[in-house]
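In what comes next, subunit A is part of two complexes: it sits with subunit B in the first one and with subunit C in the second one.
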Partner chain A sequence: MRHRLLTLILFLALPAIANAATIVATVRDSRGIGVPDAVVYAVPERTASPSRKTAIMDQRNRMFVPHVLPIQTGTSVRFPNSDDIRHQVYSFSPAKPFQLPLYKGTPANPVVFDQAGVVTLGCNIHDRMSAYIVIVDTPHFEKSGADGRVTLNVPSGKYTVRVWYPSMRSEPAPIPMTAGASDRNEVVFTVR
Partner chain B sequence: MGSSGDGLPFVRCFARVRSVLKATAVAALPLLLALPAAAQQLEWSGFALLRATSGVDSGPLQSDSVSSQVQLGLDWTPSPRYTAHLHLLGRTETDEGTRRGRAGVVEAYVDANFRPFNDRLRLRAGAMFLPGSRENVDALWESPYAISSSALNSWFGEEFRPIGIDATWFHRGFVAGATLFRGNDTLGALPVLRGWTLDDHWILLGERIPVDEDFTSVSAELDGRFGWSARGGWNGSMVSVSAMHFENRNDGLPHGSLYGWGTRWDNLGFELTRGDWTFIAEGGWGPTFLDVFGTRYTSRLDAAYALASRRFKRGRITVRADRFRVEALRQNAWTVAWLWTPPGHLRPGIELASAEGHRRAIIELRYSFSGH
Partner chain C sequence: MVMRSFQAKLALLFVAVLVLLQTATLIAVHLAGQRTIRKSLGNELRVGSRLFDRVLDGRGRQLSETVRILSSDFAFREAVASNDEPTINSVLTNHRARINADVAMLISLDGTVVSDTLEHRITGKPFPLQELIREAAAGGEPSAFVSFDEHPYQLVVVPVVAPQPIAYVSMGFIIDERVLDDVRRLTGLDVSLWNASARNPRLISTVPPEYRDELYRRASALTPRTSDVDETVQVGGEDYQALLHPLRTEDRSRIYTLLQRSIAEAARPYHTLELQIFALSTAALIVALIAAILFARGVSRPLQQLAADAYRIEQGEYKGAIAVRQRDEIGRLATAFDRMRTGIAQREEQIVHQATHDTLTGLPNRTLFISRLASAIKWHPQAQSVAMIMMDLDRFKEINDTLGHHFGDLLLIEIGRRLSQTLPESEIVARLGGDEFAVMFFADDVDGAIAVAERISGALKLPFVLAGVSIDIDASMGIALYPRHAQDPENLLKRADVAMYDAKKNHAAFAVYETGRDEHSLRRLSILSDLRHSIERGELELHYQPKIDMRSERVVHAEALVRWRHPVHGFLRPDEFIPLAEQSGNIGVITKWVLGRAIRDCGEWNANGHDLAIAVNLSALDLFDSELPVYIGGLLAEANLAPSKLVLEITESAVMKDPAYALRILNDLKSRGVMLSIDDYGTGYSSLAHLRRLPVDELKIDKSFVLSLGNGAKDDLVIVRSTIELGHNIGLKVIAEGVEDARAWTIIRDLGCDMAQGYFVSKPLPAPEFAAWVESSRWGGAGGGA
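Entry: the complex of A and B
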């Protein structure tokens, strides 16, 4: 019975797997060193429907964790305060200006980010606290690790691959590509 | 030094400080006019505490045997870019054996935030604690580590409150700031004439703290000169460092019956956070002087502390070592504090301190509240 179920699941999933492509992106600086915390995202030709997911931006030891949080447009973000002191989170970025009242614990309502862009977070009490929420119009995004590499698994189709990183002054040229089924597409962003 | 009986020069200095506060109020007026539409952005938070102390009459641990405080912060944010902050405090205190109460304003300022070149610039105008303390990092300049503050931050809380304009620039992990302020012309009198203390006696605007035959007040502007401060720092994921310098630029001369104190101060701070552990070291040094009949008397001051604090699920334990000096008189203090943070609004705490042959125990019950 269990084997039949597994076979059925594989059978149903096979077209999707066979239709999937991989985009491997490397973000590196002019010296060839990988750029961490870079958000690489592949925007499909057809507009993706907004996300209804929830993400977490924690506050620990007077730091936002993570420092960079990529999300899809429409995602709700909770801002728990794991410290034993109060924080007052704010953003005055055009993509989502907001402020949470001074609080400990988890505020009752999450914040919905419904416009693409970059939101810079701060805390009115603690000057050292700073973080970014990167809101993208696609479900295909990932944040680079220390090596500056990102792997995106996407359905085959046409995409524009873009990048954002914390110290970015001007965006590197987006890379258009057609990702065929089972393709492995490598892209490199060299940033200043 | 003169007596504080003649209030005329003080009236004059208050008039100057009042003009600064008035300018701040004028700057805040456009924001206030929008109040009905934005009343929902008004929030309040604070705490009330009751404290029993094994009273010590003198020395660095001097304190009342029973005391209470209420502190309230009002924050009005018509937009995330602008904030107006008012910090009020009421406390009981003993004055020559008589119990009495005192209430007033600790801080009152407006903030404006800008985002030039993907960085952040914050302008602050009004009466404020100088940003940058490593220890007093909670809202309302409270310390999450112990009941009392270190000698260094006790002094800043009790005798230093810049009244002016502060600009802070944030660039990734780097921060740089500068302040131009009035008032604080008697800064330095407390450690020299009374000595360093370990407490949390935040001075109110306009309050006079008696020292020797005179008094000290953050609102005292005697010679019309601006004081200034500059600071810089770097914050990493675990380590942060900072440096700060300030001068009140007072002439050290008598103005009517009240002497000014000219004080310069350099300050360094270091903090390491790893998991639930926090290690902090902060210290400063500098001269303060006054001029008596043409002779300048200078006192060298320094104060430093190091603390280790471990946070638990429902509380925190902190051990702090203090070292402070006025000229050749060097003193030390040890403090151990346990703060219990059960769910809800209450925070009981116990603190034991030892300094120069004196011992002090404090039991505190604190109730926090907030709303908007």
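Entry: the complex of A and C
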């Protein structure tokens, strides 16, 4: 993985609808294999207002589900415990350090992530449980599938397209772009 | 002594060979042991070294695990995540103390030291062992040896996960005696370790503290090496096999370990083995020594026995077989020895027998007889005397001469046999030599001894029939008794001898020694020595006895008879000194003197008108003088006397000594015209047939026959008659001597005897008286002086 180049291809296409553009990003390694669970997000020039949405990070079979959870800044995340054992979820990540004392079921209060960054989640009693919450300052984000492809529908405008993936050491260079109406913009991140 | 040294030699040889072998064995075992010890020590050390590595390795993993658990402590992680430096410092210190680590460091993901508990802090600097971080990041459990603050550390690096790595924590543990003790417990080796990179390196070790300085000095001498070194080091006066093993360090600090094992300790089992071998060797040595001694004794004891037996034999003790009964070489030696013993005994017995016995008769000889006599004298019964009889045969010489030596020998044997048979009770019958016998016995008195002599005499009276010849013998015996006649064996023998001569002289069968008679033998000796000078001193003189022709009854011959007027012993008859002259070799001189004087006297008588012949006796020895006929011829010529006027009288036995030679001389004399007469006829054993071959003219019958004629002895008359007849038959004139009376005269005249001689006519007269007798006697010369 380390030595693999991941190419993110942005397809800049004409938007089918006025004021709407599509960014198609491909995250691949040096061998051209798509990287799954990569979060591609486009940060608009103008800062977006925080989200009020709620997301779910479930714990099922001693695993966090999903493994990677991208959210917009300000999103509340609930940590339901679907297992019949207790978990103690924590984060030491600077973006949001927190811990949920041993619990079963769903804690009363969701955790609000109001700072962009990556929060690494762990369970204090199950060292192997690990997950990432990727907090971005944009509503335009998507997680790649098995093929490493991501499609973002964004209003036309200027963006900086960025990527994060779990094994990332250093972030690949963000790709600035102007997405016109109906444009189909292809972006390729070739990551190491 | 020799035996003992043989024993010792054998034992010594055994032991020396054994000691040599065992010493060689011990040395070989020792050397092999030393090599094995070195080798096994080397192996042990290498195994120990690997074990040491494994121990450190395991310790590293264990430390890693400990640190990992520590680092997953929530509060620790929380503190680390806090990024608050004082908090981080304090949590590091706290958690370090929790697991007894000696140093703790927190390292950021980019390898920078965030916090540390070192004395000389390195916070803010890059972590010196980046490789460990990479290893830890890759999921390894790295541990490494480094030195911090001069101390050797084992350092582990563990990621701090939340749950992804957020930092690395590194903790270091000083390697101390505890670790080394663990290794020592595991390996049995002493382990030392020091940091050579330090300014003041300090040796940590399992060896006692007092040796550490010395050990460090020795060990550090080995250290510029980077690989394992197998060496011998000496510490505290003891040798150790040591293995220097540099630790692989991450920071290039030079940390060395030294594993060592006492060679002496490793050799201890070998020492035990060597001791056992030594003990076994010693035991074997003792057993061998005993075996050697026993064996040597087994050999030397019979040898000693043999030596003792040999000594016994040397001492002349032949009794008792040699008591060595073995089937080996020594046994054979002993058997040979025994045979030798019996051989020597037999031979010695034979030699002794020969030395003490007469070979011919088997009787004891003179030596043994004297010794027996001595012991008899020593041990004789108080009441009895030791008697001895010495005996010799009369005329044995003649028997020998006429019948041969073989016959003589047979006769001697038979006499010995008869003596032994006659005297079964007698102690000893011995042959002293020649025809001389001796008998020894115990007798109450002289009469008892005489009785024995008579028995002997009786036994010898019976004729001896030997080799077809029957012969009568006469013997003369002398009797002497101890203590009456002598005090010691030699004198007893001498006295018996004297007595025997007495008997012989008296024609008796025996005589008892008469005290004082011993001087006889002294006299003989004196006569013998004086004989030589008798002629020059003029002590010899001639007497003449007339021989009468029986038909004319006139004197015709005169027999010259020599007399010795000895200055001490007086008048000696020829019987007494002629044999001595014969023995001493003076007879030739005497014969020549007699011949000279007789022929001269006869010459004078003839010159005076008396027709007389002169008769002279010749000794047997004279017949060996080849000059004699010439000498006689000279004398006759000188005296102007016809050879026929000389009659030489020879005994039968004189002729028989060497008949051939005698015959030559006689023939020579005869050819010169000398008359020859056989004297003492009848006493010898010659036959008339034999006489016939001699060139003789007359026979003279021995006076012993004639003397008895007067007594009317019939036997002798027969002899005389037959002799006269036979003599006449072979043409000889016969003369009888010993005619003492008229009766004898008449008898022989009637028998036809030609001449007579004897006291009846005249006794022998000195020359002047004889001449006067011839003038005056009725037998006076035929044509003489009238």
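Following the convention adopted for this analysis, the second predicted complex is superposed on the first by the 175 of 192 C-alpha atoms of A that agree within 3 Å, B and C clash if a C-alpha of one lies under 4 Å from a C-alpha of the other, contacts with A are read in each partner's own complex, and residues count from 1 in each chain.
Note that contacts are C-beta pairs under 8 Å (C-beta built on N, C-alpha and C of every residue); 3 or more make two chains touch, one makes a residue touch a chain.
All values reported here derive from a predicted model rather than from experimental measurement.
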Exercise. Is this a clash or a fit when subunit B and subunit C both end up on subunit A?
Worked result: clash
Exercise. Should A:70 be classified as contacting the first partner (subunit B), the second (subunit C), both, or neither?
Worked result: neither
For this session: Report for A:61: first if it touches subunit B alone, second if subunit C alone, otherwise both or neither.
Result: first
Seminar exercise, completed: Partner touching more residues of subunit A, subunit B vs subunit C, is chain B
Exercise. Counting only touches as set out at the top, which of subunit B and subunit C does A:122 meet: first, second, both, neither?
Worked result: both
Exercise. Touching A:148, do we find subunit B (first), subunit C (second), both, or neither?
Worked result: neither
For this session: Please work out whether A:130 is in contact with subunit B alone, subunit C alone, both, or neither, and reply first, second, both or neither.
Result: both
Exercise. Does subunit B (first) or subunit C (second) touch A:103, or do both, or does neither?
Worked result: first
Exercise. Looking at the overlay, what does A:86 touch: subunit B (first), subunit C (second), both, or neither?
Worked result: first
Problem set entry | Clash-bearing segment of subunit B relative to subunit C, given 76-84, 148-156, 256-264 or 346-354 | 76-84
Problem set entry | Interface residues of subunit A shared between complexes with subunit B and subunit C | 90-93, 97, 120, 122, 124, 127-128, 130
For this session: Quick one: which bits of subunit A touch subunit B in the complex? Just the residue numbers, please.
Result: 61-63, 67, 84-86, 88, 90-93, 97-99, 101-103, 120, 122, 124-128, 130, 166-169
For this session: Please name which positions on subunit C make contact with subunit A in the complex.
Result: 72, 74, 77-78, 80-81, 83, 161-164, 166
Exercise. Contact residues on subunit B for subunit A in the complex?
Worked result: 41, 43, 45, 73, 75, 77, 79-81, 83, 111, 113, 115, 118, 120, 122, 131, 137-139, 142, 144, 168, 170, 172-173, 175, 235, 237, 240, 273, 278, 311, 316, 341, 370, 372
Problem set entry | List of subunit A residues in touch with subunit C within their complex | 90-94, 97, 120-124, 127-130
